[in-house]
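You will see two complexes here that share chain A, one where it goes with chain B and one where it goes with chain C.
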Partner chain A sequence: MTLTARRYVVVVLVAAAAWLVVAAAALTIGPVNIFGVGGAVQRQMLDGRIGEVVTASLVGAALAVSGAAFQALLRNPLADPYILGVSGGASLGVILGTLVLPPAWLYLRLPLGGTVSLPGVCGFLMALAVIAVVYLIAQRRGRLDPYRLILTGVVASAFFSAAIMLAVALAGDRLRNELIFWLMGGLGSPRDQRGELAVAAVVVMAGLAVFVWQARGFNLLAFGEDVAASLGLDVQRHRRTAFVVASLLAGISVSLAGPIGFVGLIVPHLVRMAFGSDHRLLVPLSVFGGAVFLTVAHRLVLLVPYEVGGGLPVGIVTAMCGVPFFVLLLVCGRGIRGGVL
Partner chain B sequence: MSVHGLPLCGRAALSAAWAAVVALAATGCTEERALSPRPPAERTVVSLVPSATEILFALGAGDRVVGRSIYCRYPPRALMLPAYGSYTDVRVEELLAVHPDLVIFNTSKADSYGRLTAAGIRCIAPPTDTVQQVYETIEVLGAEVGAADRASALADGLRERLEAVRRRTASLPRVRTLMVFPSVLGEGNQVSVIGRGTFVSELLDAAGGENVVEAEGYPRVHFEKVSQWPIEAILISAPGDIAPGLTDEQYREPWMRWPTIPAVASGRVVVLREAYLTIPGPRMADAAELLERTLHGEAAAGTSTSWGSSGKMPLPLMGRMPMPRYGPQTSVCPAAAGDAGGGAL
Partner chain C sequence: MTTTPAGPMLRVDRVSFSYGPGRFELHDVSLEVARGELVGLLGPNGSGKSTLIKLVMRLLEGGSGRIVVDGRDALRQRRREYARQVAYLPQESRAAFAFTAMEAVLMGRSPHMGALGFETEDDRARARSALDCVDAGRFADTMLDELSGGERQRVMLARALVQESPLLVLDEPASFLDIRHQYELYELLRRLAHEQGKACLCVGHDVNVAAALCDRLVLLKEGRVEVAGGPREVVTAESIRRVYGIEAEVWTGSAGQPVVQPVVRPAGAMASPGSASSSDGERPI
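Take a look at the complex of A and B:
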């Protein structure tokens, strides 16, 4: 496949524009008609919605590109950002932080305004720890083998899901309900999250930049390790970087919004089906695709009136809307080509 | 035990002996069963519902309560009892060993309910979703433990106190009130509110409030939606015994972002730490009186709001108040505490 610079720029710019349009439209959609309220209320609502849309976009982008990276790294079409236990670790960190930290510390006010949720920070630190542990177990003399990595990750994942279940079982009545809802994934916060979102945005952008830069390496790896090496790719270094950065993205998205399923699995596949499996396009398109997908899913959730069960976790919608769409593409479209391997 | 290799007659003898043992055990059981329906005044009870536990103690049957749920924390004496699980997660085997005469459940749909019933232990699950049902449950439990008279007296007393609250607030302007359960972890921008058809909502009604929530039950509502309601007072039910608790200020913080809600503008966002507010038991009259005090101030004397419409909280509200745990605290809302029990909000 030929990817000219012109095509690259055009496709990426169109995707970015699509995201901007969706984000702007999302600001006008919500539980309340924002045009029907007065100026002061309108500003408050807009403030809240910007927070929601930014969170959804950041988390969606991080998950989608992390999923694309894991699918390429592990050479497994079923890989998603949560496969290596990083999200389990991050979730456990958030839950333990909530259970253990003194109440007054749960939300720290930043000097510049906004608050930071310390359980979220615990989640991120835990994700870092899990990345280190999984890496240490999976590597052999500095070599990272995808099969060892996936085995280690699945075991770590199983361990953390057990630990989460334990924590949920031991939590009090009311907190347990909240934990369960949180584990289904939610977006936005009634608190002033600006500080938190700014930090997360920097980390996510840096991670995305790394993958854009690494895209060619993923393409080479698709030919197999030996071919990639003979074409001049430092395979081990590439794998290490991809593993760490993809895990970081997964960790930060869980810390921000809880484990939202399916985005990281499906968005890269959708992009592949539509635009082929060249990672130079796949990575940036997954970024915008993930952002759009999660933003739209979240807006859909918000449209459910509260009398009939509003306040659903967005993770339910991502799966329920994503699966039929995925099946439709699979049946009617070109299907999943060997883009992953 | 293996009987292989024994001569045939030996096997026959063994099985005969086994039959005898089984028969003996069976008669033993029936004898015990025959003893089992003790007179109500001697029955032992395991209560897996906080409100039922409180009712039993209030009826003077506390001595015969031999177990509780992990949520039953009042009266303090109940804490000494062994806990046999949560609402649905019940340690059936231990209960079978204890073999109480009565087990009180939150729901008859629990798996353990069926298992205990099948094992011959009487189980009941009296509903307490409305105030009327609470009275009925008190009478039911009174009959079960042979304290019918005390039960009637307790129910009548509660009825009278609630009626008194209702009378006192009848002539006062209704305060449009939103009652919420706070979120500790992220619920997104959603908040869990107390809707109609709940006994708390009824208490609020008696206390001269008007629930702004139209829906039934405990729905989750987006802050945007809530901001459109004409709310004059927001009551945050955050019992001190539910970990982890935030400070009052932290519980109020999400609301401070919506200054156009009248309650927020006038500073009527109150954190109520009393666990009994949401327990449909003998302390529900306390809860109604607490709501009355919170909404209308002591004796509705018309004491002016202490912090007007500046939107600023008075100092006593800012810090973290000591968490009242159990016991019939009467003045808990911080303003009331600061105002010698008389702060109208």
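Take a look at the complex of A and C:
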């Protein structure tokens, strides 16, 4: 079915409404019945849950749309936000920040209220540095080639996972447990995150706006750069922008919540299966799909009683749901077609 | 920069291009394509056909000389503007994701739309008639990867048509097609040129198909134009020997078109007259 303005508006509004419903329902779900407590406790609990739901939504949206963009940019349905090593860099930044900064400095109180996690800031700065380095290595006379990007990214990822292992190995016993847990993708610790959530929200929204703008370019690029250029697209500018924005989104979500796997790979595929490959729909639907997916996964984790492994990192759930689903995609062969497989 | 409707649609004026010092890919190539004309660009592998097409499409940068489309310098136009002048059909189009034929054809409307625009009912009608024009109307809702190579290539041609550009540039569009679909594609191009007045420049690899259906032929050899003109002037035993380095008989077909048949010799006697490398090995140094 081809896309009309009407269909676009209806589908996107329905997706937004679905996310709102899920987010509201998520506030009532947790280890403790929020209606069973009263007064200040309820207020405090609600604040905490709003923080969690907003974090999950932002991170899920950023990862899913970043994955969709990387898949289009690299013309590779197996691409995900972590493919170019940006997340490895961000993870290393967070870990080094945690190891090096004195405990009293871990959270920076903002003048407007809320705190920012300084290791998170280190992670984001590291992500910026990795974006610059990967770009410099992958470009040739200002031209970005998808194959060189993937090769560079694979090498960068390998380097960072070695560096992360080294850092974790050298950390003290107590810290090592914490770091390993964080590396599983934990969605952050409950605390007053309003400051960093606001910053992240601005970055994520700006990124989304860019991708909405670039969506038709992604459609054209699916037919190769020559065809895209012949249809009027400035391919190199489009690629550079998409690469930087998708990497920024990956970097900020890792800095915020740790490396949560599979959201960025699977959500775009689910959307494609349901609504086709037109990126004008894929981009906004990945945003809401990612937000819903991670919010639900996170609530499921919170429902696990503490005695049987409560407080599990949400990354375990997304991967556990993700792998069988991906196998199903491969076996049924509907979701991935015309690509590398 | 004045528009001269009487002038050629495409003028390639003394274009040279090199991938590096001493590696000339194109040398002083000039050619013209008029409105309503189907011009075939032929030559052996590595003769610079694709390089020339890529320069015309602005997919390669650099080189010297001028490429003028409808009286305007190609490099002086914005890409989107240029996409309304020139449409392009590559050898093969594979999409990284699953699109329907209709979706793919509608992408041809991109140069006519704003970044955030949606296709209108008018665009859809144009897309449908382009699909009908290439006899692919029944595939509108079919996924591209469910089509055969020939069907997909026709859909891609519809995408190029819906761009509604006066110039159509094709890079070996028939190389993966069987003989019937090759002829059908060329016949369609010929009709588009003669009936709709499009200017078509088409790189071909089959001399006989091109000679039968093109209005004019340009033969490239080692980056230079070796011969150019009507099929009967261009396709001779002599020019085939010079350009391709093989002996061939050239007959006249029933429609008056030249037909090339390479002379088959017993094994071992196939040394090509033009190729220096094969004789070098035998010469005592």
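Here, the second predicted complex is superposed on the first by the 321 of 341 C-alpha atoms of A that agree within 3 Å, B and C clash if a C-alpha of one lies under 4 Å from a C-alpha of the other, contacts with A are read in each partner's own complex, and residues count from 1 in each chain.
Heads up, the rule we're going with is that contacts are C-beta pairs under 8 Å (C-beta built on N, C-alpha and C of every residue); 3 or more make two chains touch, one makes a residue touch a chain.
Treat the numbers as computed from the prediction; the structure is a model and nothing was measured.
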For the overlay on chain A, clash or fit between chain B and chain C? fit
Touching A:Phe181 in the superposition: chain B (first), chain C (second), both, neither? first
Contacts of A:Pro77 with chain B and chain C, given as first, second, both or neither: second
From the CA centre of chain A, what is the angle out to the CA centres of chain B and chain C, nearest 10°? 140
Between chain B and chain C, whom does A:Gly276 touch in the aligned arrangement: first, second, both, or neither? second
Who touches more of chain A, chain B or chain C? B
In the overlay, answer first, second, both or neither for which of chain B and chain C A:Thr98 touches. first
For chain B relative to chain C post-fit, closest CA-CA distance rounded to the angstrom comes to 37
Where on chain A do chain B and chain C both make contact? none
In the complex with chain A, residue positions of chain C that touch it: 54, 57-59, 79-84, 86-88, 90, 93-100, 102-104, 106-108, 110-111, 113, 115-116, 118-119, 124, 141, 143-145, 163
Listed in rising order, the residues of chain A that touch chain C in the complex are 1-5, 8, 71-72, 75-77, 212-213, 216, 219-227, 229-234, 272, 276-278, 280, 337-339
Per the touch rule, the chain B residues reaching chain A in their complex are 71, 86, 181, 183-192, 214-215, 219-225, 227-228, 242-247, 250, 253-254, 257-260, 320
Within their complex, chain A touches chain B through residues 30-32, 37-38, 40-41, 44-45, 47-48, 52, 94, 98-99, 101-104, 106-107, 115, 117, 119, 172-175, 178-179, 181-182, 186-192, 257-258, 302, 306-307, 309-311, 313-314
